[in-house]
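So that you can tell them apart, the chains are marked A, B and C in the order they are listed, and the count of residues begins at 1 in each.
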Amino acid sequence: MNDHTPQGEHDSTPVPLNQGHVQGTGGIPERFENPGLPPHVHRASDTDEQAAKRAERTIAGLFGLSMLGTVLFLVAYFMVDVDEMTFVPGIGDMSLSNLLLGLGLALALLGIGLGAVQWAKTLMPDEEVVEMRHPMRSSDEAREGFVQTILDGGESSQLTRRPLIKATLGGALGLFSLPLLVQLAGSLGPLPRNDLSVTFWNGEKGEDGTWTAMQRRLHLDPEDRPIKASDVTIGSVFHVLPEGLQSELHGAEKLNEITKASVLVMRLNPDEFQDTPQGRKARDWGYQGIVAYSKVCTHVGCPVGLYEQTTHHLLCPCHQSTFDVTNDCEVIFGPAGRPLPQLKIGVDAQGYLIAEQSFQEPVGPSFWERES
Amino acid sequence: MTPLTTTDEGRRLTRIDRRHPAALALLLMLGLILAGTVFAAVAPKTAEASAPAQSADVVEEGRELFVANCATCHGENGLGIKDVGPSLAGVGAASVDFQMETGRMPMAKPGVQAPRVEDVKFSDEQISAIAAYVASLGAGPAIPDEEYTDGSKGDAGKGGEIFRVNCAMCHNSAGAGGALTRGKYAPEVTGVEGKHIYEAMLTGPQSMPVFNDQNLTPEDKRDVIAYIEQQQEAGNPGGNPLGSLGPVPEGLFAWTIGIGLLITAAVWLGKKSA
Amino acid sequence: MSTTARPADALRADDTTRREPASPGLKKVGGVAGWIDDRTGAAKGVGYLMKKVFPDHWSFMLGEIAMYSMIVCMLTGVFLTLWFDPTQGEVVYEGSYVPLQGVEMSRAYASTLDISFDVKGGLLIRQIHHWSALLFIVALSVHMLRVFFTGAFRKPREINWVIGCLLSMLALIEGFAGYSLPDDLLSGTGLRAAQGFMLSAPVIGSYLSYALFGGGFPGEDIIPRLYSLHILLLPGILIALFTAHIVLVAVQKHTQYPGPGRTNDNVVGFPVMPVYAAKAGGFFFIVFGGIALISSLVQINAVWVHGPYMPNATTAGAQPDWYMLFPDGALRLLPGWLEHTTFGFTWAWPVIIGSLLVIPLFYAGMIAYPFIEAWVTGDQREHHLLDRPRNRPVRTGLGVAAFTLWAVLTFASSNDIMAIKFDLSINDITNALRVLTFVGPLIAFWATRRICLSLQRHDRETVLHGRESGMIVRGPDGDFHEVHEPLDPYERWTLVQHEAHEPLQLEADEVDENGVARKGGAKRKLRARLSEFYYGGAVHPVTPAELEAAHHDGHEHEAIESANRADESEVDPVRSVGAERH
């Protein structure tokens, strides 16, 4: 019995903490003995040549099926058009090419796999083999030899005697990764600066990155038309982007600005706003019951687009944050921590809805320095 | 407007209770009249305000059907019963057409939301008679012109963009439907007639907001219908779509049938042959 | 090896030997093997490996399912790189999918559509890639559960458990990076949320986000960057760790279930050559074939349905792939009032906990567990025989509790799908799951521990009084009892082989000879208390003496009636955990 064997004597009296389950700590409750492997039972194919022949035929059949599958795949590849559809019961209309190529490939693979396993199970030896284990740890001599080699290496290289080399090597090794890390951290992307706090509603962005205030009309998303206040009937919801965004910007810049500037416009009866400070502010920042709110969830930024016109609740489809439009979009359910920012709107001379000022706080998810 | 649900929504009921009972109905009516008027002015091609168009006989027949089938909730005169059913003045024929042809009305039992029912109990004539009667109660959106409900005339690409911004967040990108708050839901839009999709956008049934013709023009609505129809026509080339509900059913499949299949093979592999 | 000594003139004397392979035996398997061995000396090592013995059990194939699906993933992934264009530059789609024709989209999305609709067999490859990715993580999760519940993580396998945990965590990230690449509406929404997660990180959030996205969201850097992570960096690390995992399995030899003939010092099973070569090799084809079959019939991630990503749009039913549901579920359950502002700085706890802490905490717990258990139980021995889960009631209970927590969070992430499929209110589901997050694991622990103890008692009954035969016999006194068949020694061994566990106890001498209190008293007390928690009230295996006593009793049926019986409905104790019987 070697030292990694957990079987054998075991103490039924309390074990001292400093010994744990270490072997040989006393009391021997009698235990059953391992009876060894039970007698081997032969398979049909071991004793009956007929059964063995049957097994052989099954295996060959499976391998043959595999070849058929390959043929099916090849035929389908060359004969079936990629856009041909077919009706399959239980599935509906699907691509014939996907169906046949997939079935062909599956057959080709399963034939090989099932055949090989069937072969192993029926014709290959099934008498267990026993292999002995040995403790993982090396012998004491080997461990000591290892330690000695390391110590000798340190000694013969004079590492231990020359602290200057030791210190400078350590320093060099410690520092050499800095250039790589600095390059990575420094060049991956720009600093955020105020980018999270400004949107296209702030006005026009100059070459130097500063914004010149400008009142932008509310435009329909994606049709890019201005919206008359009278068009917004009670019960409606309009998805809105700032005027100019869709026509002036392109590519990534456009997407980045859409991300921050998306707005939802709803019209409530002015009496439906709650008589609370927030409710009154919401009504005041609107126009005859028309209010505009950022569509970007304050939780992690999904578009909050589910407007229930009967309850005036806005629901985010990602994590179910629910905002009450009648009370300045306060959070009434879910994980969002703050109300949706409101966009103060009015109408211009032609009667079109216009943003009277930009968002007064950063839109979208919370971040560390958003209050500053 | 929508059949006002006898919802368990505490917030909403208290808010209504604080005001004069007629206020809500009155306001809704005003709003809808306003909507109807604007609608009629801007988009005359689809929505002649339908009140005067029908003959008196049809309206009378509709009134009788209404009193027999709808008045329990919406009142003898169609002006609604508080906390039971909303006023129908100004909801227009489109609303009646949508609610009744999709089997949502009359509602079988009170609930958070009227579900779509395949087995419609009224004939087309009866429904149009009721629609004519309801339209006579106040100007509202009329049943849309076939020109704008025929998806084959629309631009699916453009419709898709509108659909993804305006519709997909409730109805799912595949149109498979989605959940709203407190047991309400946005139903599937697959397998729905173009006309009914149009009417739903136009009238905003139940929780759904209204998409009037200034928001989505009749052409826009037709594009949306075209997108929904073409998406269905494209089928599911990859095979069974598992309800088109995305990663959850896919994960469920992987954890049940997928791994089950492979574990079965492993059990067979480890079992001693007979 | 060809160093047979020959006289210098042997060439001339015996010309024919020149053409013989240097080692005559290798001639049989071809000259190439000899040629290679001449240069590498591989015959010895490979010969040893081919004789290695693997125990046979279906649950030992779970790791292989994971391994093979990973290989299938890598194979099909190489195919996909041939057509996929990982850039966010805009194009107008002109391919064959009609509903999107004329729509502006990124090249990444357009090329995914092309793979799905215009490359012959491309859709199949995409579906095989995605299904095998899902099954890879399912299989490795089930494999980890097997390893945990059978105690296969114990010494000497702690390192391999840690490697496995890292593999699993990297697989999640690899999967997330992969399904974000097509730039469709669903995956883009996922990336949008991921940016929100980064922003929530205290102090560095916005800097982190701007660095990784190369500026504001979405920018045009994230997909190329995820692409290089997905096809180069992460697969490289995965392959390296996975190689180490396999090498350690070979070095430490596979564990085995307890059973007759199986000891801690041997491995009973079948050699690689030929049995496991055929079984494991064949199983690769079965796994690949099974995935191909699924991919030919079941559609996955229909990106064309979602449409191209736009930040102003999203879809109902916005979920990540299943393995990322649990952090997403935590995000859905956490209430918004946890968010706080201190000194003008925002702590977005509902986001920080759900997105930045849940995954690391889960994995930290898993990685730490073997070390905690070893410390509590004081068990420093090597273990190669697996535990039957019932024989470790507390460990099994803890495992089921952790799994329950995971499952509650996973279901929380599908709250909207459950709401529409079961006609429930999403608010009610969310609130119920909030409660279950705390209560569920406790109930699960308690119930599992009780079930384990009952099963152990049932094992004792079976050993002491035999198996119920179902035959009712009338006794000489007119009473009826059921005949019990005694177990043979082979069957019995599986039920009695495990150790009787006793809690560690504090020694009386908390002060040493000099009257000074020993250091670390609190730590020892904690350890003693935890040990009591693990092993207090343990059910011990039957000893020969007890069996003897039961036989002397003579009225077995009475003994049964008086014993504290386990639930009759429990499964057959021998088969349930898959203990091997031959």
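What we mean here is this: a residue touches a chain if its C-beta (ideal position, glycine included) is under 8 Å from a C-beta of that chain, and two chains touch if they have at least 3 such contacts.
Predicted model only: the values in this text are computed from it and were never measured.
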*If you tally contacting C-beta pairs, which comes out ahead, A-B or B-C? Let me know.*
B-C
*Taking mean CA positions as centres, which chain lies farthest from subunit B?*
C
*Innermost chain, where centres are averages of C-alpha coordinates*: A
*Report, in whole Å, the distance between the mean C-alpha point of subunit A and the mean C-alpha point of subunit C.*
18
_Centroid distance [mean C-alpha coordinates] between subunit C and subunit B, Å_ = 45
*asked:* Measuring centre to centre with CA averages, how many angstrom lie between subunit A and subunit B?
replied: 34
_Sites on subunit C at which at least two other chains make contact_ = 117, 123, 127, 279, 282-283, 286-287, 290, 295-297, 299, 310, 312-318, 415-416, 426-427, 582
*Pull out every residue in subunit B that's touching 2 or more other chains.*
161, 165, 169-170, 178, 180-181, 186, 236-241, 265, 269, 271-272
*Residues of subunit A touching 2+ other chains?*
41, 88, 91, 94-95, 98-99, 117, 121, 126, 221, 239, 303, 305-306, 317, 320, 333
*Can you name the residues of subunit B that touch subunit A in the complex?*
1-2, 4-5, 7, 9, 11-12, 15, 19, 23, 27-28, 31-32, 34-35, 38, 161-162, 165-166, 169-170, 178, 180-181, 184, 186, 204, 206-212, 214-217, 220, 235-241, 265, 268-269, 271-274
_So in the complex, the part of subunit B that touches subunit C is made up of which residues?_
112, 155-158, 160-161, 164-165, 168-174, 176-183, 185-186, 227, 230-231, 233-234, 236-242, 244-255, 257-259, 261-263, 265-267, 269-272
_Footprint of subunit B on subunit A - complex, ascending_ = 41, 43-45, 85, 88, 90-95, 98-99, 117, 121-122, 126, 220-223, 227-228, 230-239, 266, 269, 271-272, 274, 303, 305-311, 313, 315, 317, 320, 322, 324, 326, 332-333
*For the complex, which residues does subunit C have touching subunit B?*
56-62, 64-65, 97-103, 116-117, 123, 127, 131, 134-135, 138-139, 142, 185-186, 279, 282-283, 286-287, 290, 294-302, 304-307, 310, 312-323, 325, 413-417, 419-420, 423-428, 582
*Where on subunit A is subunit C touching in the complex?*
2-7, 10-23, 29-32, 34-38, 40-41, 77, 82-83, 88, 91, 94-95, 97-103, 105-117, 119-121, 124-126, 128-133, 135-136, 185, 188-192, 195-196, 221, 239, 241, 250-252, 255-256, 258-260, 262, 295, 299-303, 305-306, 317-321, 331, 333-338, 364-372
